[in-house]
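Structures for review follow.
Below, subunit A partners subunit B and then partners subunit C, in two separate complexes.
Up next is the complex of A and B:
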């Protein structure tokens, strides 16, 4: 944060010094090579929200809106949106003269098809985002009227090119959408056209000469390179072979070093507020040692969150203070809750367990448990080792288990064969989109990943979640989520650890790529090379 | 029967023998791989964020993963016999296409490595044996020991730091310059430029092996009776070394090279990963974690075919190196 603030100060000073001339100096042309890690399975961002697809998809497909760094809506394919008084009719006025990469015109029929037939049916999060959309009317080619069953204020936060890409009706209609050819030969309306995918090497996109935005994009070509080894990725960044690496493609330790040693390499934590990642522990609340909420509260009390952030994640992160991320404070949906100390309190945690009648045996052990770790790299292993040590101090003897991704997913989300699980979730731009899925009774879905694996079920909470979803008034909504946070701080089926701060490492040669709160998942139409 | 028709008959016989071996390998691999927890659908759905159980069920059906294992195996074998390796679930492409795409970078790296390693290994081993127990011999032995004992990934990273970052001589990784996209002869030059560091890294390890083997093999041959006979005949040391001893000493080295061609396909995962070289090893590695079994089986099938073929070639080279060895 500090760094990027500094950067923007510098840039503002520069802008004042050079006046308007600086804005005109953007040079067109050049190739932007950046890191995509790992190689995506397909390019079908309308079927999968997989990270690497997000890095490339939004350069090819546009959304209806984008969001700037303050979260304000920026018109993309829609020029404006009107929400009726009762919140149940949402009208989008679409941009005229937009064409798909194959030359066909983009119309309201594409919007209707994308939402109703694609996102609502096959997108992992679309059924939630557009749950209330019953039908879409298309009075003319450039107007799309969404008819909602209930007000859905969160829907307007899910219209970015990453979350809800607009796809061509004429290339998907009448086909099985999940296996359509479009997945590997994407055709969008975005600033860059898909050219070539060399498996194991790179994906190449070239400038869309007939992009709707005058004079954009500046860059001639975008290449997403795949480099499996983390040290080599850092070397390629250091050498300037790649200019941009988001989502910790260059590890924190290397990012900090490059930022210090190299004048032309900087880091930023901006561009992740709509993703809102949260590190956490999921508990099995139905079987095993953690069925009692007291134990879960004691664990939350014992962990030194700040220590984890400082020693394992190089200071990038903020201690969690509630079930909801502090990024929701802007919309009044966040409040600090008890049992979330920033620095751990071992004595208090021991006291809680003593009071609840969990006796230590002669070895100082109250209970034993298995601790599964998300198999996404060394940082998480170290996090697990730290927590193992802390839990030892409060008499909980845990054994660590680190498996490969499919085995782990199956164990936690299909077999429910776990006691506690270290993980991280995206809370996204609204609790309805990112948080409800972890707590609602209707989200206990055997075999579906990243939903309510704790199998926590509370009718009172379900009712509040339902109310929070439909409430259009900001103040009432804030009160509802206050209640929700209180219940979750008491029952703690999931203990939030800290708000992760992903790092974007970039070469200062690349400019104009940082204006969207979608960060790396944005279009790069305004990016240019100096 | 003359020699060449004898060799032809031998090749045909060996090829026929190879078929059941390869089939047995396919069946064994199939069951071994299916022992792993989770399948391709789990991984795809996991990456996608949330997916409904119905969606996952539908995908399994589409991929044919809902059928019992023996049925899946029967379907696979039937396709393999018709030379159809099936589709990769993850990449949504035919397996053959994926493999062929990665085959030539693999062959490029493999051939250049083998040539460098065997060539220099033979030279160094020969040189060490001629200068037995001198400082030259000691230097070569120490060099071989160090390169053999150093982990490959470390050598690779040091190469990148030294020759790519500190000195701007070679690119860090990849197979082509992805900002420029050269064509024609410039592309060939560009690829060769990218090939240098991975080749040196990978061959250092094998180089040590061949050097030590060549040295030992030379020394063994020097102790044979025919060398004494040659000396008694009055041949020069030079002629004894290069015409008599060298030829015989090569036999074990050639055997070793044959065995290692198979290992090199999969064994270069580390080098492919460090240098982002788009070879088969990395493809196999990734498809294992993605539970993309069709693709993995395809790669295994190809390597078993290759091993059988190379071993046959080695056996034939034997008869030329040593006319006493006969095929039958």
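Up next is the complex of A and C:
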């Protein structure tokens, strides 16, 4: 899609969104209690992309745009955006009459400050999303002109309240952003105002009476409850104490049961396409048993991805078919690659290792390896145990290691002291935002979490990644990513396993909360209780 | 030996305990024969109920045989219980023996050290130790040993205090025997009975601690154990009750059996009860 076409779609979507909303008559009032798991450390969504912060932050802070379930841009703080012919000047026309929760007006200076001083500096992904933004001009209070070094089409996919929340300049300016008080006393422009944080129990947000969108929000109060025990969370959902639980706060097995047994409880996999999570194995390509790409390809060939989805995640997920998620197919950036069989082929994998000269010893073992598992619960442990069995069948004797989160992060992303590592990454709404960090030589950043821990470095690939980042033409871009996927299917520094489908479990009493592709990371301004 | 058995068998529940324990040991020893496959081996039949698809006690979420897990887990539980107990008794006896025999400053130092360990709640301490080391079968054994030995040290110290001034010990002194020889060859055999009793009960505690650790996800992910099975199946209790129910029963009856045997040993070895006959 050409950028100009893209823009007209944006405008049309805006028209539909406004027109459609007026026709509905929703009941106002009531409290929405939902699960936040685990308790967030702060509410500084501009510093951390941590999941629980994402559940609360976008209710308090707005972004410039939101994205509907088809991925189309929906105006929020920006009413429209114009991209110049050369793609290097992006002009945002900001909404008028918006105020912060403390009464101060929201202006283009806030946008300038947020992007240049906050997101580009302290946000985990901001430096990537806004890499090309050299400066922002503010000709008047409601216009922000982004001056880019190169075209950056992916930037327009990173403007949601979760990914790039707009923060108040007057409360942050001149302070150390990371330790500013705003983190625990958030002041945004969003539909809900922060009221109370009872540590260990809940965070309460109340309706923002002067929200810019007429008649919104419908709900008077939002309470995010913290319940550490999984069975208790499921019971709370079952009893109707909580109405909404996203990101598998209620485990798949319980979600499937509740969906079946309870008329008023439903599940959905919508609301995660912008997150785009991918389960995968990272390999140490510099040391240990997996320095040869043949072995990595053999492992990818042996694993029965569909079996893992069916048994461990109760059918929710899609087998990976490439380094890029099939969710990118909509933008032409995905193609099925070899060595990604959905159901696994042990014989072929054995053959590959035989041909490469890896002999089995008398115990049928070709090599030994240590397998680190992401310490995020038993699903991953089960997954690791399954893979351990499969690799045993192709002569790779692996030992499992399951540590606490800080130790594991340090081992993989700081010390590189691992052979293979079970993990999942968010591929996000564009490969530039979520995938490049995995493979680029410049992403071998010792001590930074969730980047290129394989230490895979390929000058040819780096050049393609750079080209893919700047290419404004969709067709050319598709061709570039085709090449990238081919290289990655051959070298496989990372073996993708399956596209995770997170489940949102909700009480059917809650309506109107499902219109954004940001899902649980959206504002809930349109949500109401029936 | 005969009289010992007579006294032991007078306690009917102790005999029952011994019988059950024998069954568990038997099951552990033939686990590899009846279930030659790895207990972690997945299958195409996840969440089959007991008796369905050829699974005697059902299968778990990735189709692993619960019965095979219990049989192989018995080996793990018993082995951990036994090794941890032996190690704890060994350390406890040394600490207790020296503290009780020498008294004074040695006693003070050793007992203060023991108390440091005793003041920390044992299960919390075990969790801490395993979390610091990486979860593995060795770290679990070490953790259980570290939290178990102080009780033995206390007991042995008391026994040594009581025995060290008795005539037979005095006689050894006059004969010119060395301290270590007196401790190990003369006093220790005389306080063996309470050590055996406390040791047998410690095996049961060790099995419970191991299960608890595995339940909290701190077990060795490479080794099948009952605690692991329960922790794995807990979240599916409403859907597949059998995954954690059967290992739970296994823990219950094994620990019960060991406790009954311990009680029987206590009866049989207690000299005061002996005189009553």
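To be clear about the criterion, the second predicted complex is superposed on the first by the 505 of 530 C-alpha atoms of A that agree within 3 Å, B and C clash if a C-alpha of one lies under 4 Å from a C-alpha of the other, contacts with A are read in each partner's own complex, and residues count from 1 in each chain.
Just so we're on the same page, a residue touches a chain if its C-beta (ideal position, glycine included) is under 8 Å from a C-beta of that chain, and two chains touch if they have at least 3 such contacts.
On a predicted model such as this, the values are computed, not experimentally measured, just so you know.
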item: Superposition on subunit A - do subunit B and subunit C clash or fit; value: fit
item: Subunit B versus subunit C as contact partner of A:231, first or second or both or neither; value: both
item: Which superposed partner A:124 touches (first subunit B, second subunit C, both, neither); value: first
item: Partner chain in contact with A:356 - subunit B first, subunit C second, else both or neither; value: neither
item: Which superposed partner A:73 touches (first subunit B, second subunit C, both, neither); value: neither
item: Touching partner for A:178 - first (subunit B), second (subunit C), both, neither; value: first
item: Partner chain(s) touched by A:116 [first = subunit B, second = subunit C, both, neither]; value: neither
item: First (subunit B), second (subunit C), both or neither touched by A:81; value: neither
item: Contacts of A:409 with subunit B and subunit C, given as first, second, both or neither; value: first
item: Subunit A residues touched by each partner, larger count belonging to subunit B or subunit C; value: B
item: Which of subunit B and subunit C A:451 touches, first, second, both or neither; value: first
item: Shortest CA-CA distance in Å separating subunit B from subunit C in the superposed model; value: 5
item: Subunit A residues contacted in one complex by subunit B, in the other by subunit C; value: 231, 403-404, 407
item: Subunit B residues within the subunit A interface of the complex; value: 36-39, 42-53, 55-56, 58-59, 62, 90-93, 98, 101-102, 105, 153, 157, 160-161, 164-165, 168, 171-176, 178-181, 272-276, 278-279, 282-283, 286, 289-291
item: Residues of subunit C that touch subunit A when the two form their complex; value: 38, 40-42, 44, 46, 61-63, 131, 134-135, 217, 221-222, 231-232, 234-239
item: Touching residues on subunit A, where the partner in the complex is subunit B; value: 31, 33, 38-39, 41-42, 47-51, 122, 124-125, 127, 178-179, 183-184, 198-202, 204, 221, 223, 225-229, 231-232, 235-236, 238-239, 241, 403-407, 409-411, 414, 426, 437, 445-451
item: Of all residues in subunit A, those that touch subunit C in their complex; value: 230-231, 234, 251, 253-254, 257, 307, 310-312, 373, 378, 381-382, 384-386, 388-389, 392, 399-404, 407
